[in-house]
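Below you'll find a set of structures to go through.
In the two complexes below, chain A is the common chain; its partner is chain B in one and chain C in the other.
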Partner chain A sequence: MKHRTFFWFILPTLTAMILFIALPIVSAFVQSLFVQHEQVLVVSKSCGPFGCNETTSIDLKATEKLRQGEPLGKFNGLGTYLNRSHLAFSEVGNAWANSETLTDFWDEVLNLPFYGALTFTLTYTAVVTPVVLILGLAIAIGVNGLPNLMKGPSIFVSLLPFLVTPLVGSLILFWMVDGDGIIGATIQLVFNDPNLSLKASTALTWTMLIVYGIWHTLPFSFIVFYAGLQTVPFDTLEAAQIDGATKWQRIIYVVVPHLVPLISFVTLMLLMDNFRVFEPIVSFSAEAHARSLSWIIFNDLRESGNPLYGSAGATSMLTIIGVAFLLTPVLLRTWRDFKLKGH
Partner chain B sequence: MYTKTNSRITITKSLSFALVGLWLFVAAFPFAWTFWGSFKVQSDFFSKANWMYAIWGTNTINETGDAFTGNGYYGAWVIQSFWKNFLNSGIVVFFTVIISLTFGTLGGYALARSGFRYAFWILMAALVFRAMPHITLVSGYLLPFFEWNIWGHLPTTIIVLVAMNQPFTLWMLHSFFLNIPKDMDESAMVDGCTRFQAFRYVIVPVMWPGVITTGLFSFLLAYNDFTVTAMLLSEENETIIPAINSFLGTTQVEGKVMYAVAAVVSVTAPLLLLILFFQRQIVSGLTAGAVKG
Partner chain C sequence: MFLKKLFLTGAAASLLGSAVFAADCGPSGQSVRILASDFPAIHAVAGTAEQNCAASASEFTRNHTTEARQIMNAALTPNPAEYTSVIVANSTLTQLMNDGLVRPLNDLVDKYGSNLPKNLMITIDDNIMAVAFMANSQHLFSRTDILKQAGVDSVPATYSEMISAAKAIRDAGIMEYPIVMNMKTGWNVGESFNLVFLAHGGEFFKAGTAEPSINSAAGIAALNTLKQLVGYAHPDHLTQASNETQAIWEAGEAALGIMWGSRGSVILDDEGSSEQVTSNTVLSSAPSVEPGGLPGATLWWDGFTISKNVSDVEAEATFAALASALNAEMVAANNDDAIWLLEGFKPGAAAAGVSATAQGGAVPYPMLPQIGLLHNALGAELADFLKGDESAEKALADVEAAYITAAKEEGFLQ
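What follows is the complex of A and B.
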């Protein structure tokens, strides 16, 4: 294909991606360097019979005018990145200096908004991804052994938790585990504690969100692995069986190696999607105990009437750096493969 | 083919069937429960006293005289005007799918037929873009959109969703076009067609299976989106998912949770139909990216 023709074919999609994916990242970065103008204060002197008084008031008009004139705010450099809501180096330093034990230090650091969110996001990603991989493979092997008549319906039932949007899916689960819902009420009955609530403690909230995450993403890995199982060469399996391999050995030494490319594909997709965990926190109204990076950006932007663009931009940049760390191994490998192919 | 070689029932096998059975129950039960409960009153669906109430509708009979009530649906669709949100969603979804597929087929075809190095780099860039959490992009849009006065309108959201859809669409259609033999369009070009004519008259007639599969995923992205639509649409233009979220806040206070339950069921029902008719395409779409590695 000639360069010219290629250019015209790719133009619409490339324009869309540059305008609405690449430039917004730049725009978020620029915003992160600015903070909103402070309110304009006027000091007025009023003198009466008992001497003069100085009162300070907010000049709403001037504030509004200033903010309208420069919507970005004033230049702040990397200040936003270093403040308490983001990297908070000085707070971390203080915590390190003042805390006796390592656990004290951790407790203090986890109370800082950014580190708390980062810890939850990483924990969520690190737990959900491997569990979904292993369970997905186990269920795929199980369904593959089912009679043909039952395979279609099993896939049909499995697809629903994956295709329903996270906000709605987690609401459905939330109504069940809520204090008055079927699971919540049953748990209260079992433990004989009418005030027991899954939302009351950090550990339970995290567990609930992680269970939701597994429920939501398991179908994806199950279906990809199931499709992969259809292509495992029968000859190799038979040969392994003749050589005396048990069923278990056949899975470990024949099936799993055959699925390795699929496993890395699923891992990549899961990492990308789990790292942006966000909607379940809204649905479960779990923000008291669990906040993710996406959620704190959302919260900054939602700050009613007065969105914190600078703060949201800074967290966005830090999140993108996190995504870059996750993707680097994959990109490096793809680049090596590409070079090997000798283009 | 990897199929079972013997049909003896072993312990491992029964364990694995049990696991499948458990999963199918866990996957289906919440939906069945919520669907059934959406026809009850709140004191049944959220019954602390006895969960059997939700099944038999004890309080529903007391309050409405019948074991099934459409009050939740009436409240959501008529009182809360959920139909408006559905209409908005319809518009957003329709245009997002059409535009994404148009852009995506052109781009995917070009990438599949170009052997140049930059085609690889565009695909890599698309992969990186695919990984960006949507909320980070939204934080970049808000201020410019406010300044240019294009915030809150449906077209803005549509074009943003189209752009977010492009990385995935490009990858899928690229790998799909790779499977269509090069000879087809090249022989048309030998016969004197331009590249675009070859695409229009030779490739377009055979590309529909791939386009439909990709279209299903574009549909799901637009239909299911919360992050973009919640932040970029004004209240009167809200689509279904942010609408559910916003009347969660108000209805919980007024004891009208059943409106939200009915809305959730209404939103899920079209997805069920989608799976019913397009299960095969969805499964092949999920694995399309994987096969190419």
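What follows is the complex of A and C.
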């Protein structure tokens, strides 16, 4: 394709991407460098149905004056990135200086909001991604081997978890694992422990979130691989069969290599999605045991009445850096393959 | 009686009130746009305002959403604002005032609200910022039949009585988890801490400043009391908020609860529960630390505000419409939906808990501009202590550190 044609071809997409992806990222970055001006507090008398008392309120005029001078707020540089809610270098330093064993040190570090959330986010990503890849491929191969009559219904059933809205899907599961729900009650019966609760233990909550994550994203890798399987050259398979390759060997040496570009694509998508895990934490009310980076952003923006834009912006930037970091190996590999093919 | 005093103040103006409401909707042909949360009492007030004044307005819209708190600042910031009025509570009024989005109502009250009791005016330094119409607080719910079965003769009045009653119920083998509380991680667990902390005489901030002071003897005592209480609550308590605790209560699976007063009438009505539960449920004051001490509760009001960024006539029409709803007829038609602070309210069994709690001297939820940040820090950092992963001192130190980080970003601390 000529460069000129290519340019016109990609222009609409490029415009949309700059407007809706690049600019908001720049804006979030700029906001993360600023903090609010000093709030000028005044002591005032407040009265209501329950009597009067002394209280403080914001001197709006004085605060407004500060704000008009510098509408973005007070420049804070990377201060927000380094504070306790984010990278917390000084807290980590203190923990290192003050803890006697490595376990103490880790306890201190994981107690910090960012590192606690990062741990869950990475664990979730590291478990869900490979399991979904392997299971997705297995189901795709399984469905592909079914007689034609069964294929349609099997594909439909396999896709169902993907069709259910994440919030609704996780709420349904949340009710099922309740002590009175079908899964929760069964588990109590199996382990003969009427007080066993999936929601009250950190390890079980993590397991529940990860199982949900696998259940929910499996159809994505399944359907992509299933589509890919339709393009596997029949000649090669037949040749392998004549050479005496077993079914297993045919999968490993013919099908998988053929699907490698798709595997890279699915891995990229899964890494990005899983690193941003969010909905199940809210609908499973799992905040006490598991928090993710996206959950921290949500909490900063929503829960305190005064949204912490700087803090949320900083966490977003760190999330983007985290995703970029995870994607680098996959992207490098894709680039290498591309170069090999091109020359 | 606390509530009685409030009603009498209102009753004096009752005749005048009825006369005003039928006639006065203020300037006609204006647009009235109300943003409010979504529960029956708020529907009653905003709905009555619509019935009274929709005919004289060019447009009358109501947006009832549980997300009101999340959208109101953004909706009121542009000029003209998206809504002419927001129906708020203690904490949400602060949120609007922090950004200067609501107007003083003194002249409007003089013109349209002379029938309203003076103590319903929420004033900051003589500026009326909101008009309250209903009250709410947390308090104790008890199942007298189960207490009696466990050999406890009276409804607990203090935390230690509550804990020993729970122990008696467990020891008698009646229930393993007799206590329910709204302990869901986030806002609810923060609020549950606030209750016990206030009962222990705690102060959230050093007076007149935004410096936190919760890592104190009162804070530690409060956390230890809370821990003892949840020792008798279901292990899932960190996932339970009002809807869950109400369901547990109505299913007859709890005997002692600290829940919202606004759930009282819903629990006592004949829907969703059995006769045995409803007829034996007694609502009483929130427990205190010492007998006769400060009840562990925060008092809340709900009331309406008028946006700053709307024209004066729209503001006037909105105020007149909402003020027209605050009368005895509206209260009579919706008596059990709320603890009304208005004339004509007949407090029933469902109001007994809030009434006793207020009478016991419980304090209102603080209207401080930085309280939301501290509340959020409490909600996020206390879970570790309640799960048993860290000490009370460490948890409170974490809360203060998280709060200070946020308060520095918001400019409350330097």
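Quick note on the criterion: the second predicted complex is superposed on the first by the 270 of 343 C-alpha atoms of A that agree within 3 Å, B and C clash if a C-alpha of one lies under 4 Å from a C-alpha of the other, contacts with A are read in each partner's own complex, and residues count from 1 in each chain.
The definition used in the following text is that a residue touches a chain if its C-beta (ideal position, glycine included) is under 8 Å from a C-beta of that chain, and two chains touch if they have at least 3 such contacts.
All of these numbers come straight from a predicted model, not from anything done at the bench.
Student: So in the superposed three-chain picture, is A:S197 touching just chain B, just chain C, both, or none of them (first/second/both/neither)?
Tutor: Second partner only, chain C.
Student: Touching A:L122 in the superposition: chain B (first), chain C (second), both, neither?
Tutor: In the superposition, A:L122 touches no partner, neither chain B nor chain C.
Student: Counting only touches as set out at the top, which of chain B and chain C does A:A245 meet: first, second, both, neither?
Tutor: Neither partner.
Student: Look at A:L110 in the shared chain and tell me whether it touches chain B only, chain C only, both, or neither; answer first, second, both or neither.
Tutor: Touch status of A:L110: no partner.
Student: Now for A:L82: first (chain B), second (chain C), both, or neither, which partner does it touch?
Tutor: The answer is neither, since A:L82 touches no partner chain.
Student: Based on the superposed arrangement, let me know which partner A:P49 touches: chain B (first), chain C (second), both, or neither?
Tutor: The second partner, chain C, only.
Student: By the touch definition at the top of the document, which applies to A:L293: first (chain B), second (chain C), both, or neither?
Tutor: first
Student: After superposition on the shared chain, which partner residues are touched by A:V92: those of chain B (first), chain C (second), both, or neither?
Tutor: neither
Student: Looking at A:G179, would you say it contacts chain B, chain C, both, or neither? Reply first, second, both or neither.
Tutor: both
Student: In the overlay, work out which of chain B or chain C sits against more residues of chain A.
Tutor: B
Student: Overlap the chain B and chain C contact sets on chain A and report the shared residues.
Tutor: Shared contact residues on chain A (touching chain B in one complex, chain C in the other): 178-179.
Student: Sort out for me which residues of chain A touch chain C in the complex.
Tutor: 35-39, 41, 43-51, 53-58, 60, 63-64, 74, 80, 83-85, 91, 111, 113, 178-179, 194-195, 197, 199-200, 202, 284-289, 299, 302-306, 308, 310-311
Student: For a test of understanding, state which residues of chain C touch chain A in their complex under the given definition.
Tutor: The contact residues of chain C facing chain A are 6, 69-70, 90-92, 94-95, 97-98, 100, 119-126, 132, 135, 176, 184-187, 207-210, 234-236, 238-239, 299, 301, 341, 358, 363-364, 366-370, 372-373, 375-376, 379-380, 383-384, 386-387, 390, 398, 401-402, 404-406, 408-412, 414.
Student: Help me check something: in the complex, which residues belonging to chain B touch chain A?
Tutor: It is residues 1-5, 10, 12-13, 16-17, 19-20, 23-24, 26-28, 30-31, 33-34, 45-48, 51, 54, 102-104, 106-107, 109-111, 113-117, 119-120, 122, 124-144, 146-147, 159-160, 162-164, 166-167, 169-170, 195-196, 220, 223-227, 231, 241, 244-245, 248, 257, 260-261, 264, 267-268, 271-272, 274-276, 279, 282-284, 286-287, 289-290, 293 of chain B that touch chain A.
Student: Show which residues of chain A lie in contact with chain B when the two form their complex.
Tutor: 1-3, 5-6, 9-10, 12-14, 16-17, 19-28, 31, 71-72, 135, 138-139, 141-146, 152, 154-161, 163-168, 171-173, 175-176, 178-182, 185-186, 215, 218-220, 222-224, 227-230, 232, 234, 237-238, 241, 247-248, 255, 261-262, 265-266, 269, 272, 275-276, 278-279, 282-283, 293-294, 297-298, 300-301, 307, 309, 312-313, 315-317, 319-320, 323, 326-327, 330-331, 334-335, 338, 343
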